[in-house]
Amino acid sequence: MKKILVFLTLVLSQLQAWAEARFPKPDFTSGYQYPDIQHPVPYEQFWNGLDVVLLVAMMSVVAWATHKKQSRKAIFGVSVFSVLYFGFYRNGCVCSLGSVQNVVLALTDHTYHLPLYVLLIFLLPVIFTFLFGRVFCAGVCPLGALQELVNVKNFRINKAVTSALSIIPWIYLAFAMLYAATRSQFIICRLDPFIGIFRLGGDIGLITFGVILLLISVFVGRPFCQFLCPYGALLSVFGSVSVKKMEVTHKGCIDCKLCHHCCPVDALRPPYANQVKEDRLKGVKRLLMYFIMLPLLTLAGALFVGSNSQALSRAHKDVHLYDLIQLQEANPDMDPILEVTAFNEMGRTMEELEAQVQEVQQKFRIYGYLAGALIGFVLGFKLIRLSVKRTRKTYEIDHAACVACGKCFDYCPQNLKKNQ
Amino acid sequence: MNKNIFRNVALVTAVFMLALSTMLVVNYFQVRKATPLKTEVMETLKQLNESNGDNEALQAQIRQLDLLSRKAYFTQESHLKTGVYILCGMAAVLVLCLRYYFKESKKLPSKELDAIDEWMNKSKSRTYMTWGSVAAVAAALLFAFLSSPALRDTIEKAVEEGEELIAENSDATSGGDAVVAADSTEVAAADTTAVSGEDDGLPIPKVTSNAFRGNNASAVSGASGIPTSWDLGSGKNILWKNPIPKHGYNSPVINGRNVFITGADNAARELYCYDVYTGELKWTVKADNIPGSPSTMPKVNADTGLAGSTVATNGKQVCAIFATGDVIGVDMEGNRLWGKNIGLPDNHYGYASSLLMFGNELIIQYLNNSKSQILALNAANGNQLWSKTTKDKIAWSSPIIATLGGKSALVITSNPAVTAYNPSNGAELWRVDCLSGEVGASPTANNGVVYAASEYSKCIAIDGTTGEVKWEVSDYLPECASPAATKNLLFVATSYGMFCAYNTEDGSLVKEHDLSDAFYSSPVIVEGKVYLFSNSGKAYIFSASDCSLITSFNTGEKTFATPAFTDGMMVVRTDNSIYCVKKS
Amino acid sequence: MAEDKNIKKSPMSRREFLRKCGSALAGGSILATGGVLATKAKGSSSDLFWQIDPTMCTQCGRCETECVLPVSAVKCFHANKVCGYCDLCGGYYRPSVKDLNTAAENLMCPTGAITRKFVEEPYFEYTIDENLCNGCGKCVKGCTSFGNGSLFLQIQQDLCLNCNECKISRVCVSGAIQRVPYEAAYKLKDHA
């Protein structure tokens, strides 16, 4: 089996008198002995430790390959290993993507128990990204690695469309944090499109979604990473301000366009002479307007999500239960709802539930404002970034978008020269 | 060329993968739809077998089907697994081939990449982003508008309107005739569906008496044409009289042509069905072979017996409970649908609370020494719908369904509380701590007011919507007989021979009769008259409007049970027989 | 214009400055978050596992269908020391069984995962084959309603994938599935 099993032998002497015993304990006269039933107990510590060690090791390998060696071979190897180990063998739980939610929950709810290795799984990729760029995305993340492995050819999507779509991961992240902070559900885990593929089974809808994403990623580089991944959105921030920046080649660009042509995520910005086609004052005015818009957008986002928090709070179990009870009361003839029956059987009172529901809705209001503010802020910030003109003489890497897959290394003629 | 080989291999694998995945998906949905382990056929067959006795062909069929379904379940599981493994392997081959096939020379494509105007791109991006956000907000608003709150409000409104309509209707009916409670006529009208197989030209009685003291245990019947005199000795106005095989203190229940009573002794517990016109014992169902049923009978008081609880029916099923905690559900043809033991009642006199039906819910008041619960089972299959654990102490009273504030409520008297519950989920509506001692009398309700009384305690009137106490008195209090009420008067019969009427407005004593008798049987209000039997077998008929004694006479047999009424007929259980009174 | 001049003089310096600020901010936030969380994080010695609290379980049957695994990781466990070893077992036989034999029409378990062995008059020992069990909980319901409640549903730890959020826990009607330390778990009915 895939987990090392330690067997626990039940202690025979300790017998708990079961409160509801209807039938007395039998008096055996034939010398019958109770069977020695063994249940496997989990042994996760070793594997969790190994996961963390491998995470560090693999990210170090990628960092070395991207910064020193400038070769894709090692990164490719890491990708294959990651898909096989983190993906198919460890079944991808808990992954860094999902750990965002645990961390948010630990920050907002002091009763939540955050295991150390979950913290490490969340924090280590962030630290590495801050130091070396998005080396985690390169091939350590099994989701990215799987898309990378099936990718054979890249068709470029309109840059304007991709940058408009790049807001989606932030919305996803904001909602994931909102739902995690209110302890409603972990939507990143629930909607993970590749987990079903790694586990070779699961929700048919999600598997179909995963397969469609993989089919797309045959011709478009990493659709999930580019347009959906909430953790990628977080890492892109740290990637853009990373301490050590990746370069396609240390030997000087010769403007051959090959790197730009091969990049799966369109992270290479071509040389661009800042030929202003419009009145300079107009540009400055626009920029100023967007700066004024930033707080306004933040506020608007906060108000929008915050005012709809009541509707969003239905994702919480208690609120849902409350709704079900109301529904059942309104329609006494309908078949009894399992949840309502259980609620009554457990002797929970309506007042208690109402108090809980109110608490949850209050939380939703607060964190709804915050999540909305985040979305509005990101939107405003992106608009500002899109209003700034830059001049570039050579091909440059957009470190926020670059996932350090290393394809460009193999294409750069300067690198090939060096490596020979 | 090598390249062509890769291309061909890729093509072949792609085709195979497509075929295999289609097969897997089709198989998945087929199996999902069929769910071999949960087929309805199987369950129906098994139930048929249980109600049918030894039918070997049927049993063989079940066994074969069981084997097949298990086989289907386990092979499908392993097939799916192998299929997925093959698919994964093929995917790996396909991707490998594709990669080799598309391995391009690291040269620029002959076609130049379009010159990129970054500024134009950025302007476009801004436009897309702005409009995209606007669209997203619009979509969110639309979704919010379409989703639950608005829709639910309309649904709620519709439900409320429906309830108002019902309330109005019931007000109208109760306004017309103050004596006949609104809910009882309604239920009587609704419950006329009982169909009996006989085809002897006799009409199926319209009025039902579905539980102890009539529908909803209201102590009010909508029947008419009941004789005011009869004699067992001469047979005057007696339609039929038959012995009852086994003893019991429970009362008859009438639905359609069926009269249900139970009887029990140490050997067996049985449910009997008589024909209301002929008195013929149509069928007997035993409550036996129930898992968890105790092998020795519990010790019970001779005054309570093993069959103290009256059965209840909804026209589709009839359910019975015995002092052993055995509950059975039987259909109108006498096929036992289910049987279960809800736990041996820890009861020093013996379990005596009667059953009650609310739609398809069977309500069991299970208030005993060690465990106090109210249970609701599905009458069709015995599955528990809800249960409510209460703090109440043991009681021998029976539940009623009252219409309080336009809604149905389940009302229960016990020590120390009178409590109203929502009958569809057991949620507590209100609770008044007012009674004490050993409570044997059930509550009654009329015109939205709940009345409860118990000996050595008090008689109390409670506003049914708010749970506020209207008045309380303690002149004459009942021990076993439950009170009955019209809009103006509350009738109480005591075990020391007093029969009296209180004013429902303020609790003042309107009339009292010292009859020097004892009453265990409860009064029932029919046609503006109160029918009451004493333990010695004397029948008393009072006027329901002023509590004056109309007539009284000896019937000749000891009577402890409460009579049941239907169109022109009254069924009475005496100590050891059952008879029907009808104008001859 | 001052701004204009600035760009011309050193077009990179402002960007450089902003980037430095960004780096400092990012590094600071990592340190802050890491620091706060490090105080909260608990070591691996107290890892949590999904467990069913048998006292809360209502045997609604969702464990069978909701687990992410093709066959649920929830299995029926049997606490022999609570069992009454009855002949007429509410978990083994259907409620209104007539003949106490092993014929299919009399048995509760849809997969035939419960077997019984005669011990001595009148006792029978019941054993669950966990490879066959699909966690439907029918027998548990029977045993809890009619017997001592020695059968109960529990998550088999060598099958459980220990998802970050257990899919069954999300739909569990009574909230009986929670993540608790295995050592402190309530899970096995027959050892305190």
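A, B and C label the chains in the order they appear, each numbered from 1.
The definition used in the following text is that contacts are C-beta pairs under 8 Å (C-beta built on N, C-alpha and C of every residue); 3 or more make two chains touch, one makes a residue touch a chain.
Please read all numbers here as calculations on a predicted model, not as lab measurements.
Counting hops only between chains that touch, chain B reaches chain C in a minimum of 1. A comparison of the A-B and A-C interfaces places the larger number of contacting C-beta pairs at A-C. Relative to the centroid of every protein C-alpha atom shown, the closest chain centre, again from C-alpha atoms, is found for C. As a whole-number value, the distance joining the C-alpha centres of chain B and chain C reads 34 Å.
The distance from the centre of chain A to the centre of chain B, each centre being the mean of the chain's C-alpha atoms, comes to 49 Å. In this assembly, the C-alpha centroid of chain A lies 23 Å from the C-alpha centroid of chain C. Residues of chain C in contact with at least two other chains: 70, 146-147. Across the assembly, chain A contributes 22, 201, 341, 345 as residues in contact with two or more other chains. Each of residues 80-81, 292 in chain B touches at least two other chains. Of all the residues in chain B, the ones that touch chain A in their complex are 25, 28, 80-81, 84-85, 88, 95, 98-99, 101-102, 106-109, 113, 116, 118-119, 121-122, 124-130, 132-133, 136-137, 140, 144, 147-149, 155-156, 159, 292, 343, 359, 384-389, 422-427.
Residues 22, 149-150, 152-153, 159-161, 163-164, 167, 171, 200-201, 204, 218, 256-258, 260-262, 269-270, 272, 275-277, 304, 308, 310-311, 314, 323, 325, 328-333, 336, 340-341, 344-345, 347, 350, 379, 382-383, 386-387, 389-390, 410-411, 413, 416 of chain A are the ones that touch chain B when the two sit in their complex.
The part of chain A that touches chain C in the complex is made up of residues 1, 3, 5, 10-11, 14-16, 18, 20-26, 28-30, 32, 34-35, 37, 39-42, 44-45, 48-49, 91, 93-94, 98-99, 101-103, 106-107, 110, 113-119, 123, 126-127, 130, 185-186, 189-190, 195, 199, 201-203, 237-238, 240-243, 284, 317, 338-339, 341-343, 345-346, 391. Residues 3, 11, 19, 22-23, 25-27, 30, 33-34, 36-38, 40-49, 56, 58, 60, 62, 68-70, 77-82, 84-86, 119-120, 123, 125, 127, 144, 146-150, 154, 156-158, 160-165, 167, 170, 173-175, 179, 182, 188-192 of chain C are the ones that touch chain A when the two sit in their complex.
Those residues of chain C lying in contact with chain B across their complex are 70-71, 88-90, 93-98, 103-105, 110-112, 134, 136, 142, 145-147.
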